[in-house]
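Below are the structure tokens for one structure; questions will follow.
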Amino acid sequence: MLEARDLECTRGERVLFSALALRVEPGTLLRVAGPNGTGKTSLLRMLCGLLQPTQGEVRWREKPIRLLKEEYWAALAYVGHLNGVKDDLTAAENLRASAGIAGLDADEGTVRGALDAVGLAGFEDSLARFLSQGQKRRIALARLHLSGAVPLWILDEPFTALDARGVAELSALVARQLAGGGIVVLTTHQEVPVAAVRAATVELGREREPRS
Amino acid sequence: MVWGGWSEFWAMGGYGAFVWGAYGVTVAVLAVEVWLVRRRRRLARDEAARIRRRGA
Amino acid sequence: MIGTVAAVVRRDLLLAFRQRADVANTLLFFVVVVTMVPLGVGAEPNLLRAIAPGVVWVAALLAAILSLNRLFAADFADGTLEQMLISAEPLPLIVLGKTAAHWLVTGLPVTAMSVVLGVMFDLGAEATATLAAALALGTPVLSLVGAVGAALTLGLRGGGVLVSLLVLPLYVPVLILGAGSVEAVAAGLGAAPYLLLLGALALFALVLTPWAVSAALRISVE
Amino acid sequence: MIPWCAAAAIALCAAGLYVGFFVAPTDATQGESYRIIFIHVPAAWMSMFLYLVLAFWAGVGLALNTRLSAMMASAIAPTGAVMTFVALWSGALWGRPTWGTYWVWDARLTSELILLFLYFGFMALQAAIDDPRRADKAGAVLALVGVVNVPIIYFSVKWWNTLHQGASVSLTKAPTMAATMLAGMILMALAFWMYAVAVTLVRVRAIILERERRSDWIKELAPGA
Amino acid sequence: MKPRHKRAALIGAGLLLLAGAVTLVLTAFQQNLVFFFTPSQVAANEAPAGKAFRIGGMVESGSLERAGDGLTVHFRVTDTARSVQVKYTGILPDLFKEGKGVVAQGRLGPDGVFQATEVLAKHDENYMPPEAAHALEQGAKAQKTMQGR
Amino acid sequence: MLEARDLECTRGERVLFSALALRVEPGTLLRVAGPNGTGKTSLLRMLCGLLQPTQGEVRWREKPIRLLKEEYWAALAYVGHLNGVKDDLTAAENLRASAGIAGLDADEGTVRGALDAVGLAGFEDSLARFLSQGQKRRIALARLHLSGAVPLWILDEPFTALDARGVAELSALVARQLAGGGIVVLTTHQEVPVAAVRAATVELGREREPRS
Amino acid sequence: MIGTVAAVVRRDLLLAFRQRADVANTLLFFVVVVTMVPLGVGAEPNLLRAIAPGVVWVAALLAAILSLNRLFAADFADGTLEQMLISAEPLPLIVLGKTAAHWLVTGLPVTAMSVVLGVMFDLGAEATATLAAALALGTPVLSLVGAVGAALTLGLRGGGVLVSLLVLPLYVPVLILGAGSVEAVAAGLGAAPYLLLLGALALFALVLTPWAVSAALRISVE
């Protein structure tokens, strides 16, 4: 169970949001919505423990993630704006490297299976440099197939650059994760095409106007 | 009193250039630091006061 | 745990090999510096022999500094670094892996090259061996300490210069000990105390810097 | 507190200079050039001491996430750099008449120079980072890494046989220095200390005003500050 | 392994390595790592042959001779046990005196004379007025050696 | 009028498409559709003259662009996958630099006006480094406001990272361009929310399956 | 047309100034090389005087080579280069602007710094002036020729090394002429023929390379 208490985010001199509280139970999809520049990405990064809140704390299973550290991160998969894909590695090498960094061990079969699942069969050994935008995004998303047992997924605009079939496949994947009792937090400017039993939305930047 | 007169004092037994060079630069550096830090405080205070006036 | 380090090292080496630039650039840098020096100084063997260890060490330092900005910048720009920060494995280990890879593509070629240079400059077997040993112990310190600087200045505007400013003072002892060891041998003395101190520095750096780098990375990526 | 420290600094400085120039006798070997001691040694001591204080506050700031301690660290750095510079400059000018050279690459001198670069690095790093919170933390990491240098400076004359002399004043043995000379030196050291406290406090207030100008409590503080 | 155990293991390994580092440092300081060599070391052939190095000690009393050109000087550097003959052409620092500390850079000639290229005076940690110095002079000076360590 | 004859595109060893012909009259919106990796971006880059077709040619007002060069490019505005935004310049500086490169001269008022029009008022002097993903995209799109009289726009997934209002504003802009007799070629995986009088679609990668 | 060049130069200088790295890095590079050389080699004035011109020229070459990959890489990675290729202005002009900016942040500081170095190493007025003049004529050639290499290897895997390999042979004449001029002065001969040849090289490069770079860029960006 993921919980945030009294979160405040300050970037530069602007307070993006404050006194934000949320509580996400297993099996729930949380959508973070709001116009450009209102702090969605910042919130997700806080939930990941990449950004320290200026106030408040994030808790995972009743313990502050600030203390849990690696224990929390072992339960987390994060796909950010940036793909974390190296142009000079092939798709398979990229995925294997990601697994190594995350501390998962992925054998050849798992890696190929994951790439297959995101529709990159046949491109395993192409350098990422020679893949299209959407194909690179798929490499990043393939990480979700590796970390099968990870309960918490945080996805920042995961549908970007995907074609219609890609969107559908990812939606199905998210639905499966939810059905399995996982938690998914995501942002998207499109309508969320996920059939979730339990869903919630956090709306950022309601009243705020940019200040110079 | 260890000195026979001012000129002897300034001469520092022939080491005047070194002794006064060291003291002079030290005084200059410290003076500049004091000036800078006071200027910084003044600017910060003015800025804060301006914000306060605008905000109030 | 070891697996993580290995995975990171493997990945970085693979990348370095793919881009090839990294390894060969360091070597080329050496060849350039070293072949240019006789051009500028004149090819008097005694003179060259006298300045050779200094030149090699200066070149090693420059090579290390110049490659530092490559250490984390690419991973930062493409989002891989974020993934490292939220890895289930301890960050200092991952950092260690990256630093090891950095050493393998900068420090190791330099060390290997130094043997060739020692022969070229006719330093004599013992001095050459000392030079190589000193580099083998000193270049890891350059990579490890440099990583702190690189992590601190990650994504900053003045990055390149700042790194030099932060890291150079910390490099000076390595330079002095390293050049001193060869001179000691050339003078017919033992290099042992120099090498011991370099080794101690390397161990200190090995233990302490990964934590500092980890802290710095978490701060810089915020 | 600031006026008191400033006044103390001025008074102690006057007393120290009086003792140093008009009471303390000429040195047997160095003649009058030794009078540089009255700024060199206090400045050298302060340069190391201030770095330790800086690192202490930086460490506290990093561990407890208290903003004020980080600001203390930033406020100390320029004064520390000034002290280091004065120690180097006066040492070099002292070295010429005594040793016969302005500079050698011996352990004490080199490590003191490194200290100056560490101060510069700390300030440059903080200046390069726009976000004050990140600047504080990054500076703290650097300051802590650099702490290893201080014992090296201090013990260098013991560990290596350097051109620089050993300690004349130490806790474990009687000072090897005439009493009036020592008195002048101590007075000047206290003066430098008071100076450092005064300047640092003024600077930290300025920093507080700069950083927290938007928060409410500062608005009450501003007019009277 | 749980993350907490991993951290503990890492810290343990770190402490071990640190202990190793300290050992190395201590070993290094047992050997000689020097800014200058003493005449005894030179006599024992510990100083570099045919290379420039620094020699340090006291100027032996009564050993200073000035040559006719007014610039070249000969003197002996001693650490009370042994001494080395030094030849230097150039301007001496003001503090250069018989019985005082000196550090000279140069190389040892085949005749055993140290050809100095640079002579620096080394001051010790004693500061005292001339009268006191005079009083101390007799007894103390004989034993006083260079501040070697 | 933009025209392509018998275009063929080969990337690596794969033929992405061949014998592709199209003809876009003034006032027409051309949408290039197709799944990830089928060559949409490649086609747009060919239309820009950035990529040489392995076969066939692109013609602008009846002349091959290969010969027209600068004359053609003076009539073209291209917004690619990549924003071409420098992290170390402010929003305004970025836009001014783009104008300089494109050979337009933009005075202070025009630049501020364009930024205002894409909803970046108040952020003119923020470094792009400190802007959110969507805000960076808006800087790239602000170029379209500068080049008022340019008849041909080629936009590669212009709606990426934009929030709902951003999408609406861009759609309106595109509609205005079309109404003024301009041509717009774009790709998008979402439905095109533009009310265009004359629209056409090129569908790529219909039958193609990735080959290894 | 002049407006375009000016706009590009202004933009690149602004970027360099923002990142500060670029300008200061070159200067710092010199300070480093120069302070490290005595640290490593030993501080004998005669020796240092002998190697000073060589050190300056080697450093100029290294500074040029090391900064070459920065010339187009950033613009390539973030899409600005594409925009340049489809500009309504002639590409060679834009290229000229970028090269000019590159020279302003590498060649010019080197040239300016050389005067200081000449004084520091006590080269004498005439030799210092010749060194500066030779650098003023030679460094533009380094930037212009380097740009061709940078453009050809843009986005290639082995980029860094390839550039050096392509460019170094072309740099050798500049180095020989440049070092030769200072030596000629030191030997009491006139430096004029060397400087005239350097000037001729600079003009050739100014006219020919922008076209070559433009062609190379169009190929590399495909």
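First chain written, first letter: the chains are A, B, C, D, E, F and G, and each begins at residue 1.
Going forward, a contact is a pair of C-beta atoms (placed from the backbone, for glycine too) under 8 Å apart; a residue touches a chain by one contact, two chains touch by 3 or more.
The shown structure was predicted, so the numbers you read here are calculated from the model rather than taken from an experiment.
Trainee: Compute the shortest path length in steps from subunit B to subunit D over the network of touching chains.
Mentor: Graph distance in the chain contact network comes out at 1.
Trainee: A-E or D-E: which has the larger count of contacting C-beta pairs?
Mentor: Greater number of contacting C-beta pairs: D-E.
Trainee: Centre to centre, using CA atoms, which chain is the farthest one from subunit A?
Mentor: Relative to subunit A, the chain whose C-alpha centre sits farthest away is E.
Trainee: Could you tell me the distance, in whole angstrom, between the mean C-alpha positions of subunit A and subunit B?
Mentor: Computed value for the inter-centroid distance: 57 Å.
Trainee: What whole-number Å value describes the gap between the mean CA coordinates of subunit B and subunit E?
Mentor: 38
Trainee: Calculate how many whole Å lie between the centre of subunit A and the centre of subunit G, each centre taken as the average of the chain's C-alpha atoms.
Mentor: 45
Trainee: Between subunit C and subunit D, what is the gap in Å from one C-alpha centre to the other?
Mentor: Subunit C and subunit D have C-alpha centres separated by 32 Å.
Trainee: Identify all positions of subunit D at which a residue touches two or more other chains, and write them in rising order.
Mentor: 25-26, 31, 33, 97, 105, 131, 133, 214
Trainee: Counting only residues that touch at least two other chains, what does the list for subunit E look like?
Mentor: Touching at least two other chains: 3, 6-7, 29, 33, 94.
Trainee: By residue number and range, which residues of subunit G touch two or more other chains?
Mentor: 18-19, 39, 42, 157
Trainee: Give the list of subunit C residues in touch with subunit G in this complex.
Mentor: Of all residues in subunit C, those touching subunit G are 18-22, 24-25, 28-29, 32-33, 36-37, 39-42, 47, 50-51, 53-55, 57-58, 61-62, 65-66, 157-162, 164-165, 168, 172, 175-176, 179.
Trainee: For the complex, which residues does subunit A have touching subunit C?
Mentor: Going by the criterion above, the answer is residues 48-52, 70, 73-74, 76, 78, 80-86, 88-89, 93, 96-105.
Trainee: Residue numbers of subunit A touching subunit F in their complex, please.
Mentor: Those residues of subunit A that touch subunit F are 11-12, 34-37, 41, 81, 119-126, 130-135, 137-138, 157, 160-167, 189-190, 209-212.
Trainee: What residues of subunit C sit close enough to touch subunit D in their complex?
Mentor: These residues of subunit C touch subunit D: 148, 152-153, 156-158, 162, 165-166, 168-170, 172-173, 176, 204, 208-209, 212, 215-216, 219-220, 222.
Trainee: Which residues, counting only subunit C, touch subunit A once they are in their complex?
Mentor: 3-4, 6-8, 10-11, 14-15, 18-19, 74, 77-80, 82-90, 94, 221-222
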